[in-house]
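Here come two complexes built around chain A, the first alongside chain B, the second alongside chain C.
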Partner chain A sequence: MALLEVRDLSVTYSPRDSAAVRAVDRVSFDVHEGEFVGLLGESGCGKSTLGTAVLRLLDRPAAITGGSIRFDGRNVTTTPEDELRSLRWVDLSTVFQSSMNSLNPVITVRHQFADTFEAHPDAFGNKQGKGLDIGARAGELLELVALDRSVLRRYPHELSGGMKQRVALALALALEPRLVLLDEPTTGLDVVVQRDILDRLRELQARLGFAVLFISHDLGTVMELADRVMVMYAGEIVEDQPAAEMVTRHLHPYSAGLLGSYADPRDEVVKVEFIPGRPPDLSQPQQGCRFEPRCPVAVDTCRTVHPELLPAHLGEVRCLLVEQATDPRAVLDKAAALRSRDQVFAAGAEARIAAEPVLVMDGVRKVYKTRRGLSPTVTTAVDGVSFALRPGQVTALVGQSGSGKTTIARLLTGVERPTSGTIRFKDTAVDQLGRRALRKYRRHVQLVFQDPFSALNPTRTVAYALSRPLRNHLGMNAAQARTRAAELLETVGLSPAEQYLDKLPHQLSGGQRQRVVIARALAPEPELLVADEPISMLDVSIRAEIVALLDKLVRDRGIAMLYITHDLLSARLLADEVMVLNHGVMVERGPTLEVIGQAKDPYTRTLLAAIPRPGARQLT
Partner chain B sequence: MLYFVRRAGFFVATLWAAVTLNFLIPRIQPGDPAQALLARLQGNTQAVNPVQLEAVRKMLGTQDGNLLAQYWDYLGAICTGQFGVSYSYYPYTVTEMIGTALPWTLILVGVTQLVSFAVGTLLGAWAAYRRNSRVDSVITLGSTFVGTLPFFWIALLLIFVFAITLNWFPEGGGYGGGSSPGWSWLFFSDAFQHSVLPAVALLITGPIGWIIGMRNNMVQTLGEDYARLARARGLPRRRIALTYGARIAILPNVTGFAIALGGLLGGTVLVETIFNYPGLGRLLLEAVSNKDYPLMQALFLFTTIGVLIANFLADVTYGFLDPRVRRAEAV
Partner chain C sequence: MTSIDTEGVRVTALAAGRVSRLPGWFVILWRNRKCRIGLVMLAAFVAVAVLAPVVAPYGPRVDEFAASTGPSGAHWLGTTARGEDVFSQLVYGARTSLVVGLVAGLLTTVIAVAVGLTAGYLQGVVDEVLSFFINLGLVIPVLPLMIVLAGYAPVKGLGLIIIVITVTGWAFGARIKRAQIITLRTRDYITAAKFAGDSTARIIAFEIVPNMISLIVVGFMGSALGAIGAEAGLAFLGLGDPQTTSWGTMLNQASLGGALTTGQWAWLVAPGLVLALLITSFTLINFGIDALSNPHLRED
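Presenting the complex of A and B:
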């Protein structure tokens, strides 16, 4: 008997004003004692809903509409909340997606531990009766996650994101649970911090022996940490294999697609693939295989016959072709051959020819003075940074949060002025521009933001968003702007444009929105594009698509691009040159392959070491 | 600690600014109150006799000398509680007038505001705690409905039903003809009788804003990750509602309450006029309609100081309730 047994579990969202969506559809799986299981999938595939259902935390309008959840043999599918309370956290604890907000802001860390212990007087640690010293036990737990005991006295807002997530992890281990459910536990954290926390988690898991269900879209991490990986698509589990097998011998075309979007940036030639299309609308009845519209190897029967999750290789797969094939791997080889060329984006080692720079930053230093009370604090955000951006080339700016990347972007766009040093755009001294001149200058420098969800005004149509820069910077009239907006949409691959012009942002997917943001940046025909983490909020499966789009635009139009990121894989794919920033100082700079291949600076090496290596753990 | 010192310093600085503005604004205004008074006494046609003018000036205590000397005298007078003589209630001083009216307002409006806040916050929290239940619907729909009714309409309805038709309560005034203010049982019971209708009117509309504000805030905080995590940790429902819901949701309401208390005077004009209640609001209305400058000035100053004290108290309590504010300011 497994520790957690989920059988035919279905979860349906039934909102009042729209059709019901079956987000999780007859899902069955087990998690055994001490096992580390990864659950992988695109956003909207139902993985978080599944996790929430297992935790029995679903709120209206979502509800379990079928199947069962058994924990240690006990059916907890419909256990009333009052009865459930004593089981919670003792058996199954969790760390949420956004660590930023999972601690109560108005009470101390110690208090949050105390709450937990008090709610479970009979659980572990309280066995000795009333003798439990909450402070001592909580202190021990904090030390487990490499935090100082003094953190106990702190309020959540006094901690950094990484520290908060460590506290959340320590809290999850407080009652020595048998299963910990982690839902994207490190999303939004700095790569190096992420790495640190995950290493610690794996170590604690091995030492304390709890089982883990790890939900993530971060393929590399899941593959590296987990013993077994389940892939979810459109509310169903489509493949379930041991992690090492999943890396090399996955069977489902969707798993292949996901894995194709991951590559090691240190390789000589880096190649990523993406899966075109979007997941199906689950409010509609589904017939046949749900992946069929996006599947490169689908055959006619796939459209009509819904495949079952059947044993294959060392695990289970839901695919008709695998079911029927004598050699399942042949299916994938065929898939790879069929994949059209534009679904693959590769970056080789060749360097591109250098042109005259459009923008030169020379010895730029930016100091912020903040006055709080009587003692002013001086922060040097950027210190003596020099670089040049050339047309048709991409320069990646890599660095941890707080390393000064965003300050450089602000200096480039003229939002801030440097304390010393010069910024020259062709013949213009950007650091000395007045208000009016800046307005003119901004026509040439455009931004692509990180978050496509907040970069567009939710109450305005796509056509409106695109027409603003056209009318402001190029002086077009309404009709001209609309025609041009349509052309721009075609350029960024939103075709036919008429279908998108009058849509509101919420009617578009994340990838489509980011395309609109890119189109808007292109509208005034800029010569310089500053892209600040343009893909970090997007799903892995479509990241490559956006990277390919940016690459094409830069090359075709001869735009210079500053690509700000901490993701070395996309930097490797896109950039000709990489600059590494640490505490405002440029520590390393050079052709991409050189920097990534033979990093000299310790910080760059830390960044590289933080890149997950799928299957690496099994090999060592 | 530093936080509280800063708040106190800020309080003193604004207080000084308010007092100074209160001094300057009437002096910038054109016109001479003594002339205005005489003109009213005599009718506009007759010319003003300089001797009479001087006499009126002396009587009212209008100040001479340069602005700085006047300012100095003014500050001294304020510190010793002298606001001059009321024009319209001559020879009573402004301090006496306010002293008589203040307890009425303070007791009626102060008590109803406190009760409104307490009741509103509790009902709002209860509605959020039992979200989507019948209790929630009744509280939310009920308060939204009552919130659409104008205050004066409710007040007039109360007077019509309970004072005129049923004759249970007097229709206005602070106390009846049979009693006079003093420490007697008769007076207190009479004053209580008179305060019931205005208090009920205030209590009907008072809690609405707090109910809706509290419910919405708390529904939101209970939906936050920390509240969900508290549920996952198996904390008792009540504990989640209090520490992870109400405790955080009440914060914006505390500020709102302090501001409401500060604005007490302005808000009482309507209720005291409708119920002919001898409080500060009615006094203010009379002062304005009689161009009673000293009284007005003193009342405005009182309002300003009231608002400032309320804000200061809000800041201080906020500092205790919300560690984030304390820290952000103190570093």
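Presenting the complex of A and C:
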């Protein structure tokens, strides 16, 4: 008997204002004692809903509408709330993406542990009787997650995001649970920190022997960590294989598509693929295979016959072609051949010809003085940085959080002025612009934001967002602006544009929103584009798509772009030149392949090591 | 009132509105049972106030009846010590309360929004100066100030009462709006609007205010509620305008006219009761407004 047995589980959202959506559709799977299981899928495929259902934490309008969940033989679906309480955390604990915000801000870390032990007097900590030394036990737990014991005395606001997430993980392990559910536990953290936490997690799991259900859209990480990987699409599990098999011998075309988003940036030629289109609307009845509209190898029967999850190879696959084929791998080889060119984005090794720079930063230094108490603190955010941006070229700026990347962006856009040094945009001295001149300058310099969800005003339509720069900077009237807005949408691949003009941001997917953000940045016909981690909030499967779009726009329009990122793979794909920043000092700079291929700086090496390489663990 | 999702409100309101023909915010309010009751009650009060000449059997100042009589067929709630019909006064009094609530509520909200938004968006010296006045408005004891203003003002009348209530009531709303705008102004879309060349005034009016509508409505409801209570209180203390018929002046006269000693309970209880009912209707509507600003309350 498995530790967790999920059988035919269905979860339906039935909100009052819209049609019911079956987010999880007759899903069955097992998690065995001590097993590390990954659950993968794009956003909106139902993986988090499934996780919440397992914890029985679903909130209205979502509800379990069928099937059962058995944990250690107990039927969790019908257990009364009171009995569940003794099960939760003791046997079944969790870390969410936002768990770092789940720490109570007004009590110390020690107190949070004390609360946990107190709430479960019969659980592990108190088995030896009443004399449990909370400090000692909590200290042990913190050491497990590589935190110092002194953290116990601190309040959550005194800890960084990564530290808080470690505390959340330590709390989840406090009562030695048998299953830990991790829902994107490191998304939103610095890549290096993320790497560190996940490595630690795997180590702990092997040592303490708890089972893990790890939910993530980041396939690279999951495959590296997990024993077994399940891929979810549109509310169904489409493939379930041991992780090692999944890397090299996956069978479902969707898994193949997801895996295509990964490559090693050190290769001579880097190639990534993406899956065009969006998951289906689950409020409509589904016929046939749900992946069929996006599937490169779909045949006619796929449209009408809904495939079942059937044993194939070492696991299970839900695909008609695999079912019928004698050699299932042949299907995928066919898929690879069929994938059209616009689905693949490749970067070769060739360098581009240098043009006259449009912006030159020379010996720029920025010092912040903050007065805290009696002694003023001086922070040098940027120290003696010089570079030039050229039309039609992309310069990547790589560095850890707090290395001064954002300060450079702020200096470049005129939001702040350098303490010393000069910034020149053609003949304009950016560091000496007045208010009015700054407004004129911004016609030439535009931003692409990191978070497509906060970069668009939720109450304003796409047409409005696009029309503002057109009317202000180019002096268009309302009708002209609307026509141009439509053209811009077509440029960024949102077509037909009429369909998108009057939509509000919440009606668009993350990728679509980011396209609108890019369209808005292009509207005043800028010569310089500053993109601050434009793909880090997007699903892995559509990142390559946005990178390809940016690349095309920059080359076609001769725009100079500063690409700020953590992600060396996308830097490799997009940038001609890479600059590495560490504590405000530029430590490495040069053509992309050179910098990445022969990284000298320790930070650059750390970043390279943090890139997930599916299958790496199994190979070494 | 912490962490209100003011940005989401407009969005869901728009979504809800698309399903039916009614405006989205109304659909959400109407669905909430408590709020529905409150809306019906308020609608009844408004109807009575608007149709006062039709509903009331006599004029509010007609004093030609026998003084201090108990409830009867001709005078449902009896007559005052001066021989006026209590029921008619009650009906006309609704007008005063609602007008004060509406006008003082609006004025207070306008001042609070203007001051709060300016302080929160501009920050720096402007914020320091405006925050000083906000804090001043918050720490000054309101009741004595009201009494002094109302008692010593050279002119009497409803206008004065409204001004007194507004002057003493705007600060709290301004503080809340300032706090909200400080979180909203750091959003990426505000930076984007700056890069799109929009002016500060336009950014506030078109990018920020639409995301604060629910907070502004909540503020208005609170101010209107406070204003109605304040007017009744001032009038009861004898600081109101004796020429206006309001529930406060009725209570004041009932207590002066010895309603208790003569056993005219209706004269005393009726104005207090309707006042309580009006305030209850506002409170009930506020439950619906909570649902407007917090999507989780909406699925009931």
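Here is the rule we use: the second predicted complex is superposed on the first by the 618 of 620 C-alpha atoms of A that agree within 3 Å, B and C clash if a C-alpha of one lies under 4 Å from a C-alpha of the other, contacts with A are read in each partner's own complex, and residues count from 1 in each chain.
In the analysis below, a contact is a pair of C-beta atoms (placed from the backbone, for glycine too) under 8 Å apart; a residue touches a chain by one contact, two chains touch by 3 or more.
Bear in mind that the values here come from a model prediction, so they are computed numbers and not experimental data.
Chemist: Superpose on chain A as described above, then tell me if chain B and chain C fit or clash.
Modeler: Aligned on chain A, chain C clashes with chain B.
Chemist: Tell me which partner A:Arg442 touches in the superposition: chain B (first), chain C (second), both or neither.
Modeler: The second partner, chain C, only.
Chemist: Regarding the shared-chain residue A:His473, is it in contact with chain B (first), chain C (second), both, or neither?
Modeler: second
Chemist: Per the contact definition in the header, classify A:Asn75: touching chain B only (first), chain C only (second), both, or neither.
Modeler: Neither partner.
Chemist: Quick one: is A:Ser495 in contact with chain B, with chain C, with both, or with neither? Answer first, second, both or neither.
Modeler: Neither partner.
Chemist: Look at A:Arg60 in the shared chain and tell me whether it touches chain B only, chain C only, both, or neither; answer first, second, both or neither.
Modeler: both
Chemist: Check the residue A:His120 against both partner chains and state whether it touches chain B (first), chain C (second), both, or neither.
Modeler: Touch partner of A:His120: chain B, not chain C.
Chemist: First (chain B), second (chain C), both or neither: which does A:Arg85 touch?
Modeler: Only chain B; A:Arg85 stays clear of chain C.
Chemist: With the two structures fitted on A, what stretch of chain C runs into chain B, 55-63, 181-189, 253-261 or 289-297?
Modeler: The one stretch of chain C in steric conflict with chain B is 253-261.
Chemist: Based on the A-chain superposition described above, do chain B and chain C contact any of the same residues on chain A, and if so which?
Modeler: 59-60
Chemist: Would you tell me which residues of chain C are touching chain A in their complex?
Modeler: Going by the criterion above, the answer is residues 7-8, 10-12, 14-16, 19, 31, 187-189, 191-198, 206-207, 210-211, 296, 298-300.
Chemist: List the residues on chain A that touch chain B in their complex, please.
Modeler: 55, 57, 59-60, 81, 84-90, 93-94, 96-98, 101-107, 115-116, 119-120, 155, 157-158, 168, 171, 372-373
Chemist: Enumerate the contact residues on chain B facing chain A in the complex.
Modeler: 2, 6, 132, 223-226, 228-237, 239, 243-244, 247-248, 321-324, 327, 330-331
Chemist: So in the complex, which bits of chain A are touching chain C?
Modeler: 15-18, 59-61, 413, 439, 442-443, 445-447, 449-451, 454-460, 465, 468-469, 472-473, 504, 506, 517, 520-521, 523-524
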